[in-house]
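Structures given as structure tokens follow.
Both complexes shown next keep chain A, but they swap its partner, so chain B is in the first and chain C is in the second.
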Partner chain A sequence: MSDLPLIQADRAVAPPAATTTRGRGRRLRLLSRTDRVVITLMVLVPLILVVGLVWLPALATVLLSGTNWDGIGPLGEIDWVGLKNYDDVVNIYPPFVPAIQNNLLWLAALFVVATPFGMFLAVLLDKELRGSRFYQTALYLPVVLSLALIGFVWQLIYSRDQGLLNALLGGETDWYGDPHVNIWAVLVAAGWRHVGYIMLLYLAGLKGVDPSLREAAAVDGSSEASTFFRVVFPVLRPINIIVLVVTVIESLRAFDLVWVINKGRNGLELISALVTANVVGEASRIGFGSALATIMLVVSLVFITLYLATVMREDKR
Partner chain B sequence: MSRPRSQAEYLARLVPPSVAGLNRRSLLAGAAGAGALLGTGLLAGCGSGSGSDSGAGSKTVSLGSNASDPTPKDALAKVMDGFKTSSGVQVNINTVDHNTFQENINNYLQGKPDDVFTWFAGYRMRFFAAKGLAGDVSDVWGKLSGYSDAFKKASTGDDGKQYFVPMSYYPWAVFYRKSVWQQHGYQVPKSLDELNTLGAQMKKDGLNPIAFADKDGWPAMGTFDILNLRINGYQFHVDLMAGKEAWTSDKVKKVFDTWAGLLPLHQPDALGRTWQEAAQSLQQKKSGMYLLGLFVAEQFNKDEQDDLDFFTFPEIDPTIGAKALDAPIDGYMMARKPKSEANAKKLLEYIGGVDAANILVKSNPGTLVANTGADTSGYTALQKKAAELVGSATEIAQFLDRDTRPDFASTVIIPAFQQFIKNPKDIGGLLTSIENQKKSIFTS
Partner chain C sequence: MTAATLTREGTAAAPATRRRPPRPARVVLHLFLGAVAVGWLFPILWAVLTSLRSYEYTATHGYVSLGGWTFDNYLTAWRTAEFGKHFLNSVYITVPAVLLTLFLASCVAFVIARFSWKVNIALLGLFTAANLLPQQALLIPLFRMFTEIPLPAWLSDSELLYDSYWGLILVNVAFQCGFCVFVLSNYMKALPHELYEAAMVDGASVWRQYWQVTMPLCRPALAALATLEVTWIYNEFFWATVLMRTGDKFPVTSSLNNLRGEFFTDNNLVSAGSVLVAIPTLVIFFLLQKQFVRGLTLGASKG
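After this line comes the complex of A and B, so read on.
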């Protein structure tokens, strides 16, 4: 950040009053009229977008969560019901607790299994195997496919009566219908996509590692494994953080697969699916759905705060 | 929540809202409190083409249609051509994807809806009428003939006025293959005991007695509805759906107890199965019977259509009888402030008349026409029998999710019924949970 002339100019202004005129002169020279217009635009446009598309809707969601609005009638007729929606969510809404559990399970599964596996594949592909382009494409394909298609592909595999899996295993497991099984079945499908995503991210990082580091480690007699863990992995710190953040975001916003499968019911409850089921469409329980969305916002804020705190501490160091 | 009418529609609804785009946008807009503005902007965008006409003297009327599938869309276009020929009034049809139409109906009706629009009979129709979002068409009904009282009842709002003109419907019944039944010598059951005996016999013969699927959440509503209608009767169904009766009452418990008794006869693991798969098990002669709407016939080949037959669900309580059934009615409503009310009413009168019904019989074999005056000689044998069944019905229910609040049906009932199918033992706890949520929803 410190290489921006704007900031240098500001710092130059700060010292004693005697130099003020000179400082101002420099500042004027640095910031021509065009510069100022450009800077104003560069700040204003993202600001309007962020405020209009992120902060206002988020605030409106929090406000609406205190009402019982059904989406019909003017905003003036909305009744304030206080914390009733939250009370209902926690006390009489059966899908809520499974949804929280499933979201956490999702996070754990991606973090413990899918992400490390994606990183592992990236390391393998980085070895310049023959046909690595092909593997790369094959592994990344699930990320590119449309969700409707993915839902359909897995339906063909998991269907109880007509599916590939039961035909091969000769069993009668109800992969999508049995609430004890289906979350794992979906996690496999979600992991399938996530692995490809992480693989590509990590591969890009690995390609950027200076080869001389590895050569030096090899000269010093370091094994493959210890070269990776002691040299390459620490060097890739920025990528590691991105991978971590992507994993957390992916598991919090997990929605599409369960929605395609059964709209997030019967063992596949996720907070995001519950929000959608309540707010979108004919149901129009906008107040109640907003309460669920607010809870999700709070959960996300915990992770965002942790992440920002870590990053800022690093920056200070 | 409506039943998909074709494979294409079923596939189309697999597309999640995040991909469909429009829904995502309306979600955000709804959260921002601007849902009404944006949503109607999108839907009314199609309606603004008719903005040029004004007053009663104009020669156009606009129609908002959810008939996005080829067959119904084509049939609707033919009916509207007929209207143009007979009245000289041009109909501007704005077709919107079936699900999108349904999901945006709130915003659509609050914005600038078309003069006439497609909708369903039932609670949701009465709800819009009570909210003042639909126009009174009682005087159109004064000119209509050929409708049974049941249809008129289904078109009437809470205030006793009519707000709906029925066009077509399909009954729910127990379907079976004649060839399978002849082979084993099965007889149509006349009582619950006979149904149980028949089921046990089918099990011995290596068949699934009753095909069953509830992955999508709505098919089980059909089972609940018919048991409730047989055990407690039509009026209780209406009151229960309106939130006036308690779900914890002994009457509802009895429905679930009976259902739990029948569950062993149902195809296992229903929660992972789509209705298409269940219908195919009937088609492949693996299942003996299947309680579903007339649209089950879609899963049968052309040459198998004649082999398909049905019976209405047998009597459980002799004092209640077996004359009520689910037969969802599709039809038309008028906007609260149509641009040209005279033309809109003219159109509704035509739609409710014999000519329109005759056109529909010829162009859409997948449904039954509501007007009894229509020439139904073009019906298939199955259609004829279905029409007789509904004609002899004393009361017609619209199906659970059309007879109650949509928020209650989709966010409470579907998870609850799926919970019951998973664990039929804890009926008491389940009903308490439904009742608690019902109280919260119906009082808000």
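After this line comes the complex of A and C, so read on.
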């Protein structure tokens, strides 16, 4: 069924060059019936999976956020309540404000500290240095570990009675438990991993920069720092955008680390953890959960669009 | 334009003006990078160190000491946490999920790269964006859906998609497909189109073009993606935590959460458990580092 419109859509495309179009037109007509069935299946099976398990649930989340569904009752008993869930989340749900604050703090910490530090290290490692490989390996080793595991690894440093930090400082701070400090402790662990990731992405970007650009700038007497900011950084615009999007999405999706520590309570509230707690936790409130989830969706879609616009434009070149 | 002119000037002048930076700057650079690298490795080394010492020794002498070497933590952790079972669960989920992801993603990528239809851009966007959505945002409908879809008892003892390996495999595939479609379609677009012309002349069907012409040429990209996807799906924590109920069926990464209670008072056991969980990813990291890095950077930039 769906292969026919596909082929017609192609015919509507303006021909880039006469010869290739003629060739392409003939090719399409040459597609046998079997070929068309195969192509349809090759696209349709993965498409059903992704639409069914990602896009439809995303849409359903948005719709549910406007209803009073309790998550258990039959779908027929749903009533439309408009924006009431959003109103409730903002006004009568105490963890909401701390969660927003923590998510923003997470973003700020990654964006202001971890991301620039990763970029800085990438710039340093991009020089031809002896031992560069060792440094790189050490820096992105945390990237292969899951964030859940990272929570455990850092517990050995942060634990109140058996942790290294208190042993060295002689304090009694419960770094994971004390709601005044735990978000910072967690951010150090999250940043530890993020720096390596950004370093890796940026290093790949830097390797793609035409070396003659830098040499030309050096000839003009430009210092290393100003060469980077005036010549290299602007050329790396696409990778800069990708790094920005990765940073935003990572801070929005932050979940594993706080969930293994205390399920996102007591100073470690995050939107993602609140959504989860409202679905699988003891006090499940689907209304709150879906309103929060919709907020996450909207924010992420803005940056996903930015990402797609960047990578697809790259594609066309 | 400017780039082109710069290039010409640059290549002409470069050999004469390449200057060596002064030595002291290099020394400072190495000291700085060395310190950062050691700092970055430290938490992992500390976990390994702690895991190799007995609890009694560290309890009396404190952790900032040396001695009390033992391997018992690993044996105890392995036994108490039933790591054997959980590792096997991870294999049951990761292997089929990675194979299915690569297969389905390469199918879509092939169609996107092989034909220049207008819908291809929308298709690519649909798949790529799906990979970037926050998982928690889909949880509510998906959770309900999984508890409604029945499975025959011989497929899963839960008789539902919820709490079954199948459900986890499917959700991982749906999520990871996007990234692989994106990387593979870029890779396939770079293959010369004449290949297909030749195949067409030979009368090769679309399926044969995909399986016998394109796929063998994509081996490097597939290897890089396989490495990356194994790491990611092995490390996946969220879906297994919320879509599984039976403790015995949890994969390693999510079973960590259950260990918390059992290990709570003994950091040496926690560290042994952590090292055990990290071993598969560390092995991948050291053996297939090149593939891993290639996979990650293929996604961000082409080449």
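Some observations on this one:
Basically, the second predicted complex is superposed on the first by the 213 of 317 C-alpha atoms of A that agree within 3 Å, B and C clash if a C-alpha of one lies under 4 Å from a C-alpha of the other, contacts with A are read in each partner's own complex, and residues count from 1 in each chain.
Methods note: a residue touches a chain if its C-beta (ideal position, glycine included) is under 8 Å from a C-beta of that chain, and two chains touch if they have at least 3 such contacts.
Model, not experiment: these values are computed from the prediction.
Using the contact criterion defined above for the overlaid structures, shared-chain residue A:Thr61 touches chain B and also reaches chain C.
Once the two complexes are overlaid on the shared chain, A:Tyr93 sits against chain B while remaining clear of chain C.
With both structures placed on the common chain, the touch criterion links A:Ile157 to chain C but leaves chain B unconnected. In the superposed pair of complexes, A:Ser146 makes contact with chain B and with chain C alike. Once the two complexes are laid over each other on the shared chain, residue contacts for A:Leu31 go to chain C alone; chain B is not touched. Of the two partner chains placed around the shared chain by superposition, chain B and chain C are both touched by A:Trp259. In the overlay built on the shared chain, the residue A:Ala277 is in contact with chain B alone; chain C does not reach it.
After superposition on the shared chain, chain A has more residues touched by C, the comparison being chain B against chain C. Of the two partner chains placed around the shared chain by superposition, neither chain B nor chain C is touched by A:Leu169. By the document's definition of touching, of the two partners only chain B reaches A:Asp70; chain C does not.
Note: residues 53, 56-57, 60-61, 64, 71, 146-148, 152, 159, 162, 255-256, 259-260, 276, 279-280, 286, 290, 293 of chain A belong to the chain B contact set and to the chain C contact set alike, using the contact criterion stated above.
Of all residues in chain B, only 1, 11, 14-19, 23, 26-28, 30-33, 35-36, 102-103, 105-107, 110, 124, 131, 133, 215-217, 268-273, 277, 281, 406-407, 410-411, 414-416, 418-419, 422, 433, 436-437, 440-441, 444 touch chain A in the complex they form.
Listed in rising order, the residues of chain C touching chain A in the complex are 3, 6-7, 9-11, 13-14, 17-19, 29-30, 32-34, 36-38, 40-41, 43-44, 46-47, 50, 58, 62-64, 104-105, 107-108, 110-111, 115-119, 121, 123-130, 132-145, 170-171, 173-175, 177-178, 181-182, 186, 189, 197, 200, 205-207, 210, 231, 234-238, 241-242, 253-254, 256-257, 260, 267, 270-271, 273-274, 277-278, 281-282, 284-285, 289, 292-293, 296-297, 300-303. Residues 6-7, 9-10, 12-13, 23-24, 27, 30-32, 34-35, 38-39, 42-43, 45-47, 49-58, 60-61, 64, 71, 121, 124-125, 127, 129, 131, 134-135, 137-149, 152-157, 159, 162-164, 167-168, 192, 195-197, 200-201, 203-205, 208, 210-216, 218-219, 238-239, 242, 245-246, 249, 252-253, 255-256, 259-260, 271-272, 275-276, 279-280, 286, 289-290, 293-294, 296-297, 300-301, 303-304, 307-308, 311-312, 314-315 of chain A touch chain C in their complex.
For chain A in complex with chain B, the touching residues are 53, 56-57, 60-61, 64, 68, 70-73, 75, 81, 84, 88, 92-95, 146-148, 151-152, 158-162, 172, 174-179, 182, 255-256, 259-260, 262-263, 265-266, 276-288, 290, 293.
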